[in-house]
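In the two complexes that follow, chain A is the common piece, with chain B as its partner first and chain C second.
Entry: the complex of A and B
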């Protein structure tokens, strides 16, 4: 089976002030095959978002390689074709729906801009494709004419997903993409994502700290702590019978009926 | 029976129109329109020439023939104030436009590339910032001679750091916003993301700052002319009129100094109020 994404031996160091180095990610390897969904979970500072940013090309890794479709990413992305190729391999939906859209641009214009950058020059074709995308993410047509400030958080996140889908990517990185939404909207967006994954044959890389959400969207899960992978396996296996004490603690921290948080000593 | 609708149940557009009727903005708009009208049609309706005087009617107070009176050479003060408005209003506008254009480009380049480019630009701006704007203008006059061109260019340069600093802060904050990151990730050309998305984010603050700056630039240029280093007689300009009116002021004829002085005050206040309105609108887009 062809791996959609392969990350090998990723390592990321940050040079701190005073000459110290912080290693955010130690030797992390993972892969996502076509149509698969991998979740990376862990607490803040565990290195999960850094991994996602390296895969998306937003940050260079100190060492290690990222392959899409078993092809290495062109380090110098300056060339137009390389930039487009990369965009079609991987797209990302960000956590904060309030900052991920240009406040000055209507939804139609922003999608149209992306389509134009990928060689769709006919205005009418772009409009048709935009309408099609709006429909796909379950937004009414009038949303297309709106500016982001006129939309709710859930609608904005749908727009962000729709913009990501505009280039027909093979892999979608969801960086805490539903964490900022309230629970009922979160459920709708998760359903939308599951539907899209099936209809668009998308692979997901799902970054989250919310194990309840992870169970619904991903087949496999990788638990990270302090920049290292502590546990990896199928979602059910890891979440039902964790072998690592850290995973157990994460699971214990999920609020549920009858849940009593451990009282802290005063 | 009741047809009274509360603002809260009106459609969104109607409510926004309610809010946008702003008395201060109306007054400011009216004042600005009057100033422009004075500059454009004032000299035509007065029927006098701004530079030739009638010595037999020198130093007269306001009358039906001479609304603002006449100066020591018998020239009509209203005509001179109206002709002077052209120079006094346009020169600071030119300054501010040049400064805003340069500042915007510097702020964009500095925030987009960051790193040493940012450091170099910021340091350069700090150096220019260290010179008072009037000193800059006086140095330029010392080198290029009196006239309006040298101080306009000097002040344009002197005002760049004020605008560039504010614009850079905004641009740096927006630079790392997800929509900018998403733009490059989606395969848009970096130049396009910088110009079409990052650049417009600076416009609201630049508009506010440039409007405030217009007032201070106007007083700076009037001050230079008042000192006799800017516009030279017999050309009319508000600052030089105040200077020429000093002697008459002591003789009990304040008109020549008073009217241009009042015009300067009114213009500066109007633009400061306008800037305040712009500042209130800065966050509206989000």
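Entry: the complex of A and C
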């Protein structure tokens, strides 16, 4: 089978001041097939976000390759056509939608701009497609005329998802995309993502620290620590019977009735 | 003075309502909150954004911006907090209450060493240098920091968020407070670090009799580490009771909805999301504050604001509490 996304032997080094090298990602490989949902789980410094940013083309890998349908993508190859092609393969949604939305632009205008950049030149067609997208993410029409600051956190995250969907990508990278939302709103967005995955035949690369969220949205999970993969497998298998002690420790740290937190010396 | 059998609660908040100055007018942030806390007890103040959970604590400590209007009463060991003189208020804040913030980095001077940060208060109150340093080092050990001497010489930027939060807790313990208020103390931390920080706070309460008010959006976390929980929504306390009973047989549709919204770590199922978004007190409808998002709302709920009353083992502000008594049993779920 042709994998939709393949990441092979990703390595990312950062040069620190003073000449030291920080290896954020050591030899990490994974793949996502069409319509699949892979979660990358880990704490801060695990390298999960760096992996996502490499796949999205936001950062070059020090070594390793990223392939879509077995075609190699080189982030350094910055031609507009190549960038557009990549945009239709993969879109990314961030934790804080504020940073990815232009505060001066209405929702409709910002989505319309994306559509125009991808060759939809007819104004009426763009308006129709924007209205369709609003509906898809469960936003009322009037939200389209609003600016980001007039929206609630949940609405802004729906707008970010809508913008990502505008170019009909096949893979959506969600980087802690529901982490900053209030619990009651987070549940709505998780349900929306599940629905969109089915209706749009999307694949997900879901970056999260929250094992509850991961259980709901992913089929497979990869647990990372200090830039390395410590465990991977089907989400149910890994969360029901983790084989790595670190995964077990993550599960044990989840507050629940009768939980007795243990302090570790540092 | 009369002799009473039962000592006054450590902190008692009665019928609190607060309006904050906004532009030329005022805007309500809290409309109806009452609770009391005894010595050694822990209370989880649970709510989403705009619920007024942090403002409740700020009001209780008399830390509101100038021009705020406060109704109701706040008593500390029976003493009216809003009748305290300025000097009494200062000494109360400085020696009896400790505040732990969500982001320790914003509350610790980045230009001074951890040692300076921890000892400056003691030194200012006349404690000698050596004694201050020894006390600070002992407290760093108390919160699980293994090399206190090294840490004392370091600057905040050299420490991780989790370590800095431990330093913050140590700094609060310097004055041996009777009450620690922790405002989302672990929200910015990794789960494994959260576990350590919660364990430290829990231990202080159990072994040193410090009372704890923990402000959090995480009902699972509050249920796991506090004795009682007060759920706040749109400036009103909507349910209060023993943590175990709120978690397993919560009555208010909002408390139940919050628990059902949390994705379970043990099973996959479509979430029963509460429709709409959380509102603040000033946006709340005239009847029940939760009416627009509630699946059980009837006409009475739209017309009359329910007040807190005992039902089952809880206090709940819901007209329909008796009808909704069938206990909801939930599997373990939780935030990482």
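Note that in this section the second predicted complex is superposed on the first by the 258 of 266 C-alpha atoms of A that agree within 3 Å, B and C clash if a C-alpha of one lies under 4 Å from a C-alpha of the other, contacts with A are read in each partner's own complex, and residues count from 1 in each chain.
Assume a contact is a pair of C-beta atoms (placed from the backbone, for glycine too) under 8 Å apart; a residue touches a chain by one contact, two chains touch by 3 or more.
Computed from a prediction, not measured in an experiment: that's the story for all the values here.
Colleague: Give one word, clash or fit, describing how chain B and chain C relate on chain A after superposing.
Modeller: fit
Colleague: Which holds for A:167: it touches chain B only (first), chain C only (second), both, or neither?
Modeller: So A:167 only meets chain B here.
Colleague: Please determine whether it is chain B or chain C that touches the greater number of chain A residues.
Modeller: C
Colleague: After superposition on the shared chain, which partner residues are touched by A:152: those of chain B (first), chain C (second), both, or neither?
Modeller: A:152 sits against chain C, while chain B stays out of touch.
Colleague: Of the two partner chains, chain B (first) and chain C (second), which one does A:256 touch, if any: first, second, both, or neither?
Modeller: After superposition on chain A, A:256 lies in contact with chain C alone.
Colleague: For A:187 in the superposed arrangement: first (chain B), second (chain C), both or neither?
Modeller: Touch partner of A:187: chain C, not chain B.
Colleague: In the combined three-chain superposition, what is the angle centred on chain A between chain B and chain C, taking C-alpha centres, to the nearest 10 degrees?
Modeller: It is 80 degrees after superposition, to the nearest 10.
Colleague: Closest Cα approach between chain B and chain C after superposing, in Å?
Modeller: Scanning every C-alpha pair, the shortest chain B to chain C distance is 7 Å.
Colleague: Touching chain B in one complex and chain C in the other: list those residues of chain A.
Modeller: Common interface on chain A, chain B vs chain C: nothing in common.
Colleague: Which positions of chain C touch chain A when the two form their complex?
Modeller: Touching chain A from chain C are residues 48-49, 144-146, 162-163, 166, 190-196, 198-200, 202-203, 217-221, 223-225, 244, 247-248, 257-258, 260-275, 277-278, 293, 332-336.
Colleague: Can you check the complex and tell me which residues of chain A touch chain C?
Modeller: Of all residues in chain A, those touching chain C are 43-44, 152-155, 182-188, 190-191, 194, 209-213, 215-216, 235-236, 239-240, 249-259, 261-266.
Colleague: Help me check something: in the complex, which residues belonging to chain B touch chain A?
Modeller: Where chain B meets chain A, its residues are 177-179, 181-183, 185-189, 192, 196-197, 200-201, 285-286.
Colleague: Inside the complex, what are the residues of chain A that reach chain B?
Modeller: 56-58, 80, 83-84, 86-88, 90-92, 94-96, 98-105, 113-114, 117-118, 147, 149, 160, 163-164, 166-167
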